[in-house]
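Below is one structure. I have some questions about it.
The letters A, B, C and D name the chains in turn, as written, and every chain counts its residues from 1.
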Amino acid sequence: MMPTPLSGVVPPVCTPLTPDREVDIPSLVRLVDHLVNGGVHGLFVLGSTSEAAYLTDAQRRLVVETVTSHVSGRLPVLAGAIDMTTPRVLDHVREVTAAGADAVVVTAPFYTRTHPAEIARHYRVIAAHSPAPVFAYDLPSSVHTKLSPDLVLELAADRVLAGLKDSSGDLGAFRAVVTAARTRPDITRFTLLTGSELVVDSALALGADGAVPGLANVDPVGYVRVYDLCAAGDWERARAEQERLCALFGMVGVGDPARMGGSSSALGAFKAALYLRGIIDCPATAEPQVPLSEGEAERVGKYLAGAGLL
Amino acid sequence: MMPTPLSGVVPPVCTPLTPDREVDIPSLVRLVDHLVNGGVHGLFVLGSTSEAAYLTDAQRRLVVETVTSHVSGRLPVLAGAIDMTTPRVLDHVREVTAAGADAVVVTAPFYTRTHPAEIARHYRVIAAHSPAPVFAYDLPSSVHTKLSPDLVLELAADRVLAGLKDSSGDLGAFRAVVTAARTRPDITRFTLLTGSELVVDSALALGADGAVPGLANVDPVGYVRVYDLCAAGDWERARAEQERLCALFGMVGVGDPARMGGSSSALGAFKAALYLRGIIDCPATAEPQVPLSEGEAERVGKYLAGAGLL
Amino acid sequence: MMPTPLSGVVPPVCTPLTPDREVDIPSLVRLVDHLVNGGVHGLFVLGSTSEAAYLTDAQRRLVVETVTSHVSGRLPVLAGAIDMTTPRVLDHVREVTAAGADAVVVTAPFYTRTHPAEIARHYRVIAAHSPAPVFAYDLPSSVHTKLSPDLVLELAADRVLAGLKDSSGDLGAFRAVVTAARTRPDITRFTLLTGSELVVDSALALGADGAVPGLANVDPVGYVRVYDLCAAGDWERARAEQERLCALFGMVGVGDPARMGGSSSALGAFKAALYLRGIIDCPATAEPQVPLSEGEAERVGKYLAGAGLL
Amino acid sequence: MMPTPLSGVVPPVCTPLTPDREVDIPSLVRLVDHLVNGGVHGLFVLGSTSEAAYLTDAQRRLVVETVTSHVSGRLPVLAGAIDMTTPRVLDHVREVTAAGADAVVVTAPFYTRTHPAEIARHYRVIAAHSPAPVFAYDLPSSVHTKLSPDLVLELAADRVLAGLKDSSGDLGAFRAVVTAARTRPDITRFTLLTGSELVVDSALALGADGAVPGLANVDPVGYVRVYDLCAAGDWERARAEQERLCALFGMVGVGDPARMGGSSSALGAFKAALYLRGIIDCPATAEPQVPLSEGEAERVGKYLAGAGLL
């Protein structure tokens, strides 16, 4: 049973892999325990930070089943259904809800040349067939389309969407949705989550329900603290804690840009941090990502030490 | 058995759908016959024009099996293995080669933030595991990365890639690959195909082996004629025929841009044309594409009439 | 004499035009009085909202001279020096400082294919020749390059830059600069201004010195109120006032997107609002912008009425 | 007096600079002589290859006056009027035509957020005020907008535009304009020039009138030979010559991408080549471009030697 709206910290759960790139179940279970013990309010599997784009269908299924069965209803589990278009997304929706997900998280179509009318149609068809609530996932850096506030609000008013995970980085546009959703009588219990690591306090201050920060894998307690301080109206201490997390987030830049892309660096850093903290057994990322060098992994350790986590 | 290099016209085969969006097998078989009878030299299934991005895994399998079994070795069948990253592409490679494809066609990673070193790694891993030759598919409008000539040539020299399908629209960059592949002693029998509909004669004139024009679904005879005229060095008549096909290609713009995206319009027009020519039973495109209106479909008919095809 | 850092509300002053598109001096003076009486803390002329990109060199000079001589030192006047590359920007720097500007605001090179090393060189050469402090103007929507926090901080530490106007919309990246500038001992008195209309309260809460909101032309009192409430730590009322201004900002969307671009619509709306409020004599925007229709201008009036400004 | 259409090779003339970045008049005159003696059919000053974006207004004027007075009507001189919007472009149009230019070359508005209707308006206003014919300059890599074939043809039919310089790299779209301009009775004597260095033979084969290749600064004789061979229908030898020039064009990549942008590398290479060939006195490029290293300049020499030019 998922609260509506869902609020709090909902980490996009990393997917630990073995050295031969299979899902590492014991590590995944330990990671989930680490997050739950850290006080998070929900879990989001098969998001970008989970390397959903890199996992095969079999691996995706295994991840959802592992997490939902381990969590066993103690907190809600959202699952990404990440694929190019409506028919392919619908297959994933069927799989992840059969595996126990409480809600599905869906981007606009990508790879194809799309149009706002087609994006609306996409969400309407998916919602009509999904046994679980549908969240829109606004991720222009991957999808190459920004969901407009007007479109999100139209789909919220029509009960097509149950929520929004905003990873656009455009806080002004997000605020337009937040404010309208709080004031329009035709929109109720719509969940508004920011995907930012860096301005969680700002997003909560302007009315967001919660956050889905990838860095919460590494420091769930820190983000829960930000959330609690904001809920208590203690903005000054929330800001200080957020700034500590911003400094920690610097780890995403350890990878040499001459040698690897931003995903290899950021996801490599998160996994190196989880490995260094003893939570997962192996820091491997999925192919074709480039592994961090030893020196780069050591710099991750310095970020952890600087944030008091090692 | 596929010739190396593969030359001639290799249409990206449309995927006819029933009104309820299932693969229409009888129409697909008729379409293949129409193309084979038109004199084409190979078939490319599960490309962009095939709506690969919209087809479920089950539909993709059905398409490949249907076409390979119907063609039965009379001409080579290339199949797209279109997905976001290496592990997911590898699953498709397994499926389509098991279903009889003679070669696989693979883009760079997309949706993720990638890097040239990761793109090279992607193709190397895939080639190491693929039972069939691997073609690179350069499609920046979908993938948001351009394959550089240097990268393609490195992978060609290392026998990672067997060919390139260039849909970048950048004939200058394509020429860099073509010329190098013709002159470098370490690159042999590398297939170079343009994905353009509009400059097939130009691409052949500068040394390409063949073309993969979506519009060849509608008029295979026309493109085969361009190819034959170019092969005979009759550039003047090749140009005239190419210009006739350019005029016909205008059909991709029939869809109202206020109502639909470019994919809905172009693929809708190709399917409307195949329907009007009596080759397929239903012009439906996959969700969430917006169907052409009656008036828009009529304009497709005028393009056919103008090109002497109705 | 400009305070360092400069704080408060610094509107990018609209440039009123006559019906035949000359600078309307009496209207410009009235607009400046309206802003000064509204309590703003500085003025920014020749920015994007000022239509700097549309003004000839003679018009630019006239604007700076008019404003600096009218203001006469009562509050600081910053001036844009907007052009493609270093030598052309230097010409504008000479002009606007000769005309009395207290600081110059400069983007990265645009139109050309540039590189971070060239952007650094650009600012270093300009600072070496400018008689007034140089602010960086981060405006990726126009310049097609984002200034990285590391680059800005390097130039701040080296006293090349005196401040940053951030119109990137990326509050997370802005925060990285703000936090570093507040804590690094080698960076002092660096001015940090957000160009946002929509999250001024958020930017101030995380440590920005002030804001440069285009909408402050229409409602300077509102933005000054947001600033004062934030300075007093009254975040709840600041948020309410900011939300009122967000609603008012909706006016930028009145122009029909089938008929005009975003600049015609937004600048057209600001000028229509100033005209309706009786501050300027003519709502004309510069060529080739498309004027608002009568109905669109009426909708601007409704936004004003909704915000209690008419 | 300019022929209509203008045909042949029309190099975008580099602007030689002294070590302290002033226009080097004697070198410019020698460069013009080198081009005229090479057999070119016209000159294009103040284009991208001329570093127009880097030249001050005074330098621009000096360049046009120097070239037009030296050429003295022996061949047509086109001049760029490169700026952000209509009013600023009009100032340049006035200057360059007063300085003797036979035609002006104008891009769509840039830096601002624009719209097709505004681009049309831009060209109509400029043509209404220009004493010389107006050419559209399609350069999406700088302008971030592509001129659609339909828009160009509408403006050609209305006699707003006298020609098109297409540097979009999209030969398919260029062909749409070329073919329509050749066949539509309402469009006559419209000049169609490709800005490509790499597919001049292809562009001429499909009906272009001529080319504006930056590399023709270095090897005007080569491009004139391509033009003459194409005019004679000797496509095979034209292709061989074009391939020699494509190899020579490799020089644009000598600059280390970790240290400089594409403009520094390409323009630096052209100027290094002109310097090494003894045509200009100094290879300096304008600020903030990064100079080639000694080793990089040596590699330019190897390209020259490889093409038989040293």
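Basically, contacts are C-beta pairs under 8 Å (C-beta built on N, C-alpha and C of every residue); 3 or more make two chains touch, one makes a residue touch a chain.
This one's a predicted model, so the numbers in the text were calculated from it and none came from an experiment.
Visitor: Which neighbours do chain B and chain D have in common?
Guide: The shared contacts of chain B and chain D amount to nothing, since no chain touches both.
Visitor: Which chain's C-alpha centroid is most distant from that of chain C?
Guide: B
Visitor: How far is the middle of chain A from the middle of chain B, if each middle is the mean of its Cα atoms, in Å?
Guide: Result: the chain centres lie 35 Å from each other.
Visitor: Measuring centre to centre with CA averages, how many angstrom lie between chain A and chain D?
Guide: Chain centroid spacing, chain A to chain D, equals 48 Å.
Visitor: Any chance you could list the residues of chain C touching two or more other chains?
Guide: In chain C, no residue touches two or more other chains.
Visitor: Which pairs of chains touch one another in this structure?
Guide: Final set of chain pairs in contact is A-B, A-C, B-D, C-D.
Visitor: Going by the contact rule set out above, which residues of chain A touch chain B in the complex?
Guide: Residues in contact with chain B: 21, 53-57, 59, 82, 84-88, 90-91, 109-115, 117-119, 121-122, 125, 141-144, 257, 259-264, 286-290.
Visitor: Mind listing the chain B positions that touch chain D in their complex?
Guide: These residues of chain B touch chain D: 169-172, 175-176, 179, 196-199, 201-202, 205-206, 235, 239, 243, 246-247.
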